[in-house]
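Paired with chain B in one complex and with chain C in the other, chain A is shared by the two complexes that follow.
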Partner chain A sequence: MTGVRPDTDLVPAAQTTTFPMGVLTRRNRNPVIKAIARHAVTIAIVIVILYPVVWMIAASFRPDGQIIGRLGLLGSFTTAGYRHGWAPDSSLHFSRFFLNSFVIAALSVVGNIFGCTLAAYAFARLRFPAKRILFGILLATLLLPYQVTLVPQYILFAKLHWLNTYIPLVLPRFLGVDAFFVFLNVQFIRAIPRELDQAALIDGCSSWGIFRRIILPLSLPAIGATAMFTFINSWNDFLGPLLYLSNPSKYTVPLGLNLFIDSTGTSSLGSLFAMATLSLVPLIGFFLASQRLLVEGISTTGIK
Partner chain B sequence: MSTAVRARRREALTAYGFLTPWLIGLIVITIGPMLASLYLSFTQYDLISAPKFTGLTNLRNLFNDPQFWTSVTVTLRYVVISVPLVLATSLLVALFLNRAIRFLGLYRVLFYLPSLIGSSVAIAILWRVVFGADGIVNKVLALVGLHHDSWIGDPSTSLYTLIALNMWAFGGTMVIFLAGLRQVPTNLYEAAAVDGAGWWAKFWHITLPGISPLIFFNLLLNTVHAFQSFTSAYVISGGNGGPANSTLLYTVYLYQRGFVDFRMGYAAAMAWLLLIVLAIFTAILFATSRFWVHYRGDEQ
Partner chain C sequence: MRSINALRRPNTHPATLRRFTIVAATAALTVTAACGGTGAGPSTAKTGGKVGGSITYTWWGAGERNQKTEAVINLYKKAHPGVKIETSTADFNAYFQKLGVEAAGKNLPCVPQMQARELTDFTSRRALLPLDSLVSSGKIDVSGMPKSVLNTGRGADGKLYMIPTGAAYDGIMYNQTLAKKAGVGDLPPKYTWDQWSKWILTAAKKLPKGVYAANLDGGNADLFISYVQSQGQQLFNKQGQLGFSKQTLVNYWNMWEKLRKAGATVPAATAAELANAQENQAYIVLGKAMSQVTPGNWLQSAQEYLNDNGGGTLKITTHPYGTKGIGNVLITSGLSIAANCNNVATAASFINFFTNDPGGAKAFASDNGAVTDTKLLQSQQQDSSTDPGVKSSLSVYSDIVKAGAPVILYPSGYTAVFQNDFANEYQQISFGKTSVPAGVDAFFKQAKSELQQ
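Let's look at the complex of A and B:
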C-alpha cells in the first residue's frame, strides 16, 4: 500500500493553472469564488456535525437548570458540575473512575505492544513450520465477531475468580489477541529492509538482538499507531468493564457515566455533562497531538 | 546433520519463542472459547450447575422466541439502512473534498473526530439529550415551525437516532475514500477529458472502478461493525433495547440473555448464529467482488 500524499502537494486553487484533476479547468467561472463557495459548504457541514459536541461542552459550564431546552451556547457560567463530579466526597467520584480508566488503558497499551510486536516479528521475518497455517488463522480471526468468544471467556475468568479485577480486561492484550494489530505490525516490519537484519547478524546479533535493536526502533510508527488505537479502544470500551467489573470503586469512566444516568434524574445534568465532556478530553487530546500519524495511518491501513 | 538443517531448526525454535504469548492467546482466549461456545450452544448452562446437554433445544427455542425475531428485524433494519447511508455520505463528502482545497488537513481532522468518539458513552448520553423532547434537534425544528416529541422515546423513531449516530461517525470511512481518490491516476481523467467525457462519465468509468477495492473494504468493515454495535444502543435505551424493543439490537439481546438472565447456552447459540450469518455475508461479498472490484494492473 502506498501512503497518502502529504498535504503540501495541494496548491490553493486560485494560484494554480494545473489542477490535480482536470475537472474544474473546463469551466471559466472565477476560481476564487469557486474556492470560497467550496470552503463555505465544507465549513457548514463541519458546523452541523460538530455543533452537538460544542453544545455539550458549553452546557457543561452552565447551572443544572439552564442545560436542557436551549439551542444556543450561552448562559450563566459555573464550574459546579466539574467540581461536584470530580469531588471524592460525592456519591460518584469520577477522579477514581478516571484513574481506573487510565490504569487499564496504560496496561492495555503496554500489553498490546508486547504481544503484537513479538508475534509480528516472527511472522514477518522468521521461517518456521506451520507458518502459513498460523498466518491464515491470524487473518481469519480478523473478522471474528467478539460475541462468539464472549460467553466462554466470561466463564473462564469467573472460574479463575478474576471477576471484579482488571485481569480479564488487560491479560488478553499481553497475549496479542487483537489480530488486527498483529497484522498491522507484520505489514510494517515486512517493509523494513532485510539488509539491516543481515548486517546485524554479521555483527553477531541474535534474533532477539535484531528484534530489539533493529526492528523495534524502526517500526515505531506502527507501534505508535498500535498504542494510539489501543488507548482509544480501551478508553471507550464499555462492554468489557460492564461484564467484568461490579464494584463501583473499580469502575471505569464509561461505566461511571452510565451509572450516573441511572442513578440521577435530570437534577444533576450539569455534573453528567461535565464528566462526559471530561471523558472526551484524553481521546481528543491524544488525537490532535498525533493526528497526522493517526489519520494517515487510517487511510493507509483501514483501522477505524 | 548439516549446519543448514541445524540453523533452520534453531530459527524455528526462536520463532516459536517469539510466538508463545500469541499462541497462548490464540488457544486460551480465541479458539478454545470459540469451540466451548459451540458446545455450550447445545446445552443449558447457568454458570452454577454443570452444563446440561439439550441438543437442538436452544435453537428450537430461539426460532420460537418472538423477542429473538424482533432483535433480528431491528438489527437488519439498522444495518441495511445505516451502512449504505454511511458509504454514500462518506463517498460524497470525499469527492467534494478531493479537490485542490486549502486546509484539507484541518477539515479531514474535523470530519474524523466523530468516529473517534462516536461509540463512547459520553456521546450516547449527548444523543439522549440531543434527540430528547426538549433537545436541540427539536429546537431547530421549532425554528421552522415543526413540533415533535422525543425521538428517543418514540418506538417508531428511536432506531433512527441510532442510525443517525452511526452516520454521524462517517469520518473514518470518508478518510479511507479520500486516500483512495487521491490515488486514482490523474492521467486517466485527462485522457477522458480529451475524449469529451462529462462529469458523470468520468465518475462512472474512472472514479468508481478506481476506488472499488475501498468500496469493498468499507462495505465489509462497516457491515460487520454494524452487526456488532452495542454500546450506543445499550446506553441510549437504558440497557433494555426500548422503548418497546425498538432498539433491541442483536448484541443487546444476547447480552440480556447471557449476562442478565445467565442463560449461557442460549447466548452462545445466538453468538454462533451471528458468526454463521457474518461468515455467509463475507463469503458472498468476496464471491461477487470479482465482478465489481477492480485492482489496477500496476499495483500488486
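Let's look at the complex of A and C:
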C-alpha cells in the first residue's frame, strides 16, 4: 500500500512543478492585458461621454454656418458667439440671467437643506402620531408625475399673486416638499448610532440641540449630496422659470438660452453653444466644491 | 448668424418636446374645464373703455423676430404715448406649453399670439374673447384681409377669436438645376398629383448616384392635407372626426410607396433620421435631393445653405392640384385677446395697429407668414428692399389665396394625430413593418380616439 502512495504522490508533485509556473506566467501577463483592456474600455466610454461636451465647446467657437452637420471639432475660429450671446438684446444681458439663476439656485439649496434635513430628522428620530402614514404619503409623492401638480400649483401661486416673482421657485424648498431628499436624509440619519443622541440627551440637549450638535454635523455627506443635486436641478430647471417668470429681466440662464432657439425661425446656434458652455462653469464649480464636502464628510465622521 | 426668413412656421416634424406640449396643454385645459364647471364665458361687455394703461403681449420666436416685434411695439407706443406693453417670448413649443397652463389658471396674457391649429384648444375652454363686436364696431379693421384668410381665425362656434396677421403655407421646393440636368425641367403651373409623381420617377432615372428625386415625405401631414382637399374631400367633418375615406389615404400612401420602392425617394431609414433634422441638414439644401416638401418661407435660407453645398437654384411652388383644384391650406398665426384681459380697448387698439399699420408691417417684414392685409402685401412685393426669396414666397402665397385656399377648422387633438400618429404610421409602412391598408386602419383607429371637437 505504501508503495502505491509515492506513485499517487508523484502526480501532484509533477503538477506542482509545472502547473504553478504556467499560472505564474499567466498571472504576470494577464493583469497587464486586463488592465490595458480595462483602461481602453474606460477611456472609450469617457470619450463617448465627454465628446458631446467637447464638441459643444468647439462649436461655441465656430461661426453659425459651420456648426450643424459636422461631427469634427475643427473649423473657422470666432468668438462672435460669446460676444453676441452675452447680450442677445439691447436690454438683455446674460450676466443678469446668471445672477438670477445663481440667486434662485442658492436660495433653493439653503431652502432644501433647511426643509429636508429638518423633515428627515423628524421622520428618523422623533416620535409623533401617524408618523408612518405621513412618511408613506411623503414617499408616495415621489410617484406623482410633476405634470399632475403643475396646473394646481400654478393656479395657487396665481391666486397668491406670486407670478413673475421668484417665490414659487424658492419658497416650496423651505417647506421640505422634495421627497427624494427627505428620504435620502432619513436613511442617512437612521444610520447614525442612536447612542450619540442618547449621550447628548443625558448631557442635557433638547431635540433641537441633538439635531444641531449631533445630527447636522454627522449628516454632512447627505447634506452635501442634497446641496449638489438641488443646485444642479435648480440651475437646469426650465419649466418652472418658464411658467412663473414673464419679465425678461427676471429670466434664468435656461430661459436665456431659449431666446436663441426658434423652431419656427432661424436659431443662433453659435450664441446658444457659447452661453451653454458658460452655463456649465458654475455647475462644475459647485460639483467640485460639493464633492470635497462629501469626501470630507465621510473622512471626518467615519460614517458611510 | 444667417438672416432670418419670412413666413416662418412651426416645425412640421415635431420632437418629443412637442408631444409633451400637447399633453401638458391638454391636461392643463382639461383640469380647468373640470374645475371651472359652469363658469361664465368671456364677457363681451368689456369691449368699451379708452386706450391707455398697460397690456401684456406674448409671442413665439427668437433673435431677429424678437427685434422686429419690439420695433413694432415701439412704433405703437410712439403712436399711443402712455401705453405700457409688457412682453414675453419663448420658442414655439415652450410658448404653447406655458400658454396652456396660463389658460388653465385663467391668467393668459392680454394679447397672446395664436396659431390657427392651436386655436380650438383655447376657444373650446372659453379662454379667448370673441372679437366680432370689436370688428363690427370698427375698433379692429379687417377690411383689407381676404375673407378666406380671416376665416382661419374662427372657432368651432363661428366666432372670430384670432385676427390673422401672418399666413404661411407649405410648398414643393425643388432644385431647378438638378431638374434641368435630369431632363424634367420645371414643374408646370397648376400641375397635378399624377404629373408630380411622374416628374419624380422620370428624374430619378437620370440623376447622379446618391442624389434622390424627392425626399420621403409620405409622413408629412401638410402635403396629405393638400391631397385630401384637392380631391374635394374634407380633412375633418362637423363632428371634428376625420372627414376623408380610408381609400383616400390608401391611395396616397400607395403613391408614396411606389416612389419609394422605385428608389426615387431617400430611403426610409434616412428619412427617419431626417425627420427632426434642422433646416440646414435637409437633403434638398445638401444637394442630395432634387425636391422636398418644405414651408414656403424656407426659400431664402435654403438657397444660402445650398450655395455652401455645391450650389444650384432652388424654386418654391404650390402643392399639386387635384380634381377639385388647389389643396394648399394656409397656416395662419395672429393675435387674440384673452378672456381674462381687463384692458380690452388697448388690446384691440394694439391688434388693429399690428394688422393695419404700414410702418409696423414694414418693420415686421412678414416675419411670421405673409402679411395678411392685401395692400400691405402688395407694397412689400413692390418694395425693392424686400429680399428676392421673400418676394418669391409672397408671390406663391398670393397664388394660393387667389386659387381659393380652403379653410380648415382644426379640432383639439389635431397636432397629436397629424403631426405624430400620421408620421409614425407611415414610418411603419416605409420600414416594411406593416402594409398600407393595415397602417391606414391603425391611423383611423388612433385618430378616432384622439380627436375631439
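Definition applied: the second predicted complex is superposed on the first by the 214 of 304 C-alpha atoms of A that agree within 3 Å, B and C clash if a C-alpha of one lies under 4 Å from a C-alpha of the other, contacts with A are read in each partner's own complex, and residues count from 1 in each chain.
Heads up, the rule we're going with is that contacts are C-beta pairs under 8 Å (C-beta built on N, C-alpha and C of every residue); 3 or more make two chains touch, one makes a residue touch a chain.
Only a predicted model underlies this, so the values are computations on that prediction, with no experimental measurement involved.
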Ask   = Thinking of the overlay built on chain A, is A:32 touched by chain B (first), by chain C (second), by both, or by neither?
value = neither
Task = Please indicate which partner A:55 is in contact with in the superposed arrangement: first for chain B, second for chain C, both, or neither.
result = first
Ask   = Is A:191 in contact with chain B, with chain C, with both, or with neither (first, second, both, neither)?
value = neither
Query = Is A:42 contacted by the first partner chain B, the second partner chain C, both or neither?
reply = first
Ask   = Taking the superposition as given, does A:143 touch the first partner, chain B, the second, chain C, both, or neither?
value = first
Ask   = Which partner does A:160 contact after superposing on A: first (chain B), second (chain C), both, neither?
value = neither
Query = Touching A:88 in the superposition: chain B (first), chain C (second), both, neither?
reply = second
Query = Touching A:289 in the superposition: chain B (first), chain C (second), both, neither?
reply = neither
Which partner reaches more residues of chain A (counting touched residues only), chain B or chain C = B
Request  = Pick one for A:281: touches chain B only (first), chain C only (second), both, or neither.
outcome  = neither
Message = With the touch criterion stated at the top, can you tell me which chain A residues are shared between the chain B interface and the chain C interface?
response = 68-69, 147, 150-152, 154-155, 158, 238-239, 242-243, 255, 258, 261-262
Task = Spell out the residues on chain A that touch chain C in their complex, using ranges where they run on.
result = 64-65, 68-69, 84, 88-89, 147, 150-152, 154-155, 158, 163, 238-239, 242-243, 246-248, 255, 258-268, 270-271
Request  = Flag every residue of chain B that touches chain A in the complex, lowest number first.
outcome  = 8, 11-12, 14-16, 18-22, 24-26, 28-34, 36-37, 40, 47, 93, 96-105, 107-117, 119-123, 125-126, 128-130, 132, 134-136, 139-140, 143, 168, 172-173, 175-176, 178-179, 182-183, 186, 189-190, 193, 199, 202, 217, 220-221, 224-225, 227-228, 230-231, 234-235, 238, 251, 254-255, 258-259, 264, 267-268, 270-272, 274-275, 278, 282
Message = If we count contacts the way the header does, which residues on chain A are in touch with chain B in the complex?
response = 2, 4-5, 7, 10-13, 16, 19-24, 26, 35, 38-39, 41-42, 45-46, 49-53, 55-56, 67-71, 114-116, 118-119, 121-122, 126-129, 131, 134, 137, 141, 143-156, 158, 172, 174-177, 182, 207-208, 211, 232, 235-236, 238-239, 242-243, 253-255, 257-258, 261-262, 269, 272-273, 276-277, 279-280, 283-284, 287-288, 291-292, 295, 298-300, 302, 304
Inquiry  = List the residues on chain C that touch chain A in their complex, please.
reply    = 1-5, 8-11, 23-24, 27-28, 31-32, 35, 56, 58, 60-67, 70, 86-94, 97-98, 101-102, 104-107, 109, 278-281, 286, 301, 308, 367-368
